[in-house]
Amino acid sequence: MLQCDFQFQYAEFNLKVKLQMQKQLLGIMGASGSGKSTFLKNITGLLQPQQGSILLNQQCVFDDQKKINLPMHKRRIALVFQNAWLFPHMNVKQNLKYAENLCPDQNKKFSFDQIVDLLQLKPLLQRASYQLSGGEAQRISIGRALLSSPDLLLLDEPLTGLDYKLKDQILPFLNSVKLETQLPMIYVTHHADELAYLNAQVVYMDQGSITEIPKTH
Amino acid sequence: MILGLYFLPSMSILHAETIKIYAAASLTNAVTDIAKLYEKQQPEVKIVTVFGASSALAKQIEAGAPSDIFFSADQDWMNYLVQKQKIQVNQVKPFLFNQLVLISPLQSKQQFKAVPTFNFAQSFQGHLCTGQMESVPVGKYAKQSLIKLNWLNSLNGRIVGTDDVRSALAFVERSECQVGIVYKTDALISKKIKISGVFPSNSHHPIVYPLALTQQGINNQSAVKFNHYLKENAQAKKIFVQYGFGL
Amino acid sequence: MLSSEEWSALYLSVKVGFFATLFCLPFAIMLAWILARYQFRLKFVVEALLQMPMVLPPVVLGYLLLILFGANGWIGQYLNQLGIQLAFNWKGAVLASMIVAFPLMVQPIRLSFQMINQQLEQVAGSLGASPVRVFSSISLPLALPGILIGSILCFSRSLGEFGATITFVGNIPDETRTIPIAIYSLIQQPDGEQGAMRLVILSILVAFGALIANAYILQNYQRKLGGKDAAM
């Protein structure tokens, strides 16, 4: 679970976040430009806060006082974007295996077949990256992220850009992922219904700060 | 007014009579001095000098380069132009002589004996510079001497052929080459090298510099006069001798 | 079919071109990467220096090489003591070709790197790939078209390299007399035109062969990546 308290400043923009994940899935909602993506970038390590600390499962990945700043590739935090970003020079299976190979065997959380089954990727394995629909690519992107055996999964508007039919197809997959893997997840979106479906702890981001709203039910 | 200034020099050239002389690189200093002298005495004449390897010059003249006088470092290239009908055979006059020498950088202790038994290849390290042996006169003479002295084969891969004799001289001056084969007249000009040996004149074809008016030059009155000057004038001859040429 | 001198010129040209391209590659890839990914204050100075060989007359470059790397040169004299000789040597021809062709190799590789969407590299990093691994498994393969183009340009430029080469390493048959220099020598010789023409045809064939190979490889690679890519 993620716990953080930090401040990040860039030009005019000031991001100040203090939060502790209470549930397995944390949903972040907010208008464009409110700082959601910047927040995620600070968590994965693409950006460094000026001040504060970030802890994942009680382990510190960033602390400006203690001069700790774990590089991105060591944080075990996987990121799924709106765009699948599949590696174009590899086919689907190679994309998945790439992630799997980055994790030493003793730390592997999931097996290849397990993830392929979970996301129904079997018929897609031999396809080239450009031979996929938006929904298929996104499932593969999620599968790839899972195969890297992360300690935390970040999803930055993963369903934005897909039509409603596809969203309705993929949401159940996300729910299965949540239930089967028990991985902590942070899910950024505009759509409250997605978060409701996934039974998320919801917070709001507004101009760089987090506000919690009381649960509605 | 600026436009007028632009036209001024070309107008003065139109008035002057121009002579274009294509001469072997080894003649650079001598011919330049003589040309300057002549221009002083004949102010309405302008002499344009083009120096280079006689091979390169001959090829240019063959291709149509505007030349009034050709002053070659060997007979072969003069005959070549006669063959290509750029020069009439009766215009050709063998004029100067030269010697072939071996040079080394000043600090070198190179000594050589011009006999086949002398192990020339072993007597120096690195490369030997001379003109391209297939075309440049000094290279051709050098090749003849090296063959005659039975030294050529043992020098395999160590001979650097340059475009003309002055380039070879420059390489030795820079100590890029430990040894060079140039004309005696070139060696005398340079203070950065020394003559470490002379090739006997029977080891190569006689080094004769023929002089001739080209087909173009015959019709150029000033060129005819200058050609005559080069051959007959006492001061001109003195300059050639000063530089070490034989008459 | 070819005389021994012509074989020698061909062999030398290909040998010099091959090694020049090979040795340029690591430096070109490194510099292209730095220029594509990093901003720094004196970047414009680096870019200007990079362009110099394309702007300076080749003879000037050759002369500078002679001053630096000649047997008596500033650097050359020390290399000489180590037994490394570059002047009047095919290795010097390689160096001359490397210098003149280097900017031609850097540019396409740099463009290729610039065209790679950095999100891909970031995703790889988030999956656990170290920066070195990201470079070798993602950036480099995706930059392959640029690397190929750069290599072909370097090789071709080297095939045609004349001014710097002849000034620095001279015109020595079997050692530095590459095809352009051989053509140049033949033109100086009485009735050398025929031989020169044969070499001209030979150089056209070699250059064309290299370009065909390049186009073929590129075409196959593009097919592998598919029509529309998010990456490029």
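By written order: A, B and C. Residues from 1 in each chain.
Methods note: a contact is a pair of C-beta atoms (placed from the backbone, for glycine too) under 8 Å apart; a residue touches a chain by one contact, two chains touch by 3 or more.
Everything quoted here is computed from the prediction, not taken from an experiment.
Q: Return the chain whose centre of C-alpha atoms lies at maximal distance from the corresponding centre of subunit B.
A: With centres defined by C-alpha atoms, farthest from subunit B sits A.
Q: Whose C-alpha centre lies nearest the centre of all protein C-alpha atoms?
A: Central chain is C.
Q: Taking the mean of the CA coordinates per chain, how far is subunit B from subunit C in Å?
A: 38
Q: Based only on mean CA positions, could you tell me how far subunit A sits from subunit B in angstrom?
A: The separation of the two C-alpha centroids amounts to 81 Å.
Q: Indicate the whole-number Å distance between the mean C-alpha point of subunit A and the mean C-alpha point of subunit C.
A: Measuring from centre to centre gives 44 Å for this pair.
Q: Quick check on the complex: what are the subunit C residues that touch subunit B?
A: Those in contact with subunit B are residues 66, 70-72, 87-88, 170-172, 174-175, 185, 187-190.
Q: Which stretch or stretches of subunit A touch subunit C in the complex?
A: Residue list for subunit A touching subunit C: 44, 46, 71-74, 76-79, 81, 83-89, 98-99, 102-103, 128-131, 144-145, 148.
Q: Which residues of subunit C touch subunit A once you look at their complex with the stated criterion?
A: 117, 119-120, 122-131, 133-134, 137-138, 141-142, 224-232
Q: Of all residues in subunit B, which touch subunit C in the complex?
A: Going by the criterion above, the answer is residues 53, 55-56, 59, 76, 80, 126-127, 132, 134-136, 157, 159-163, 174-176.
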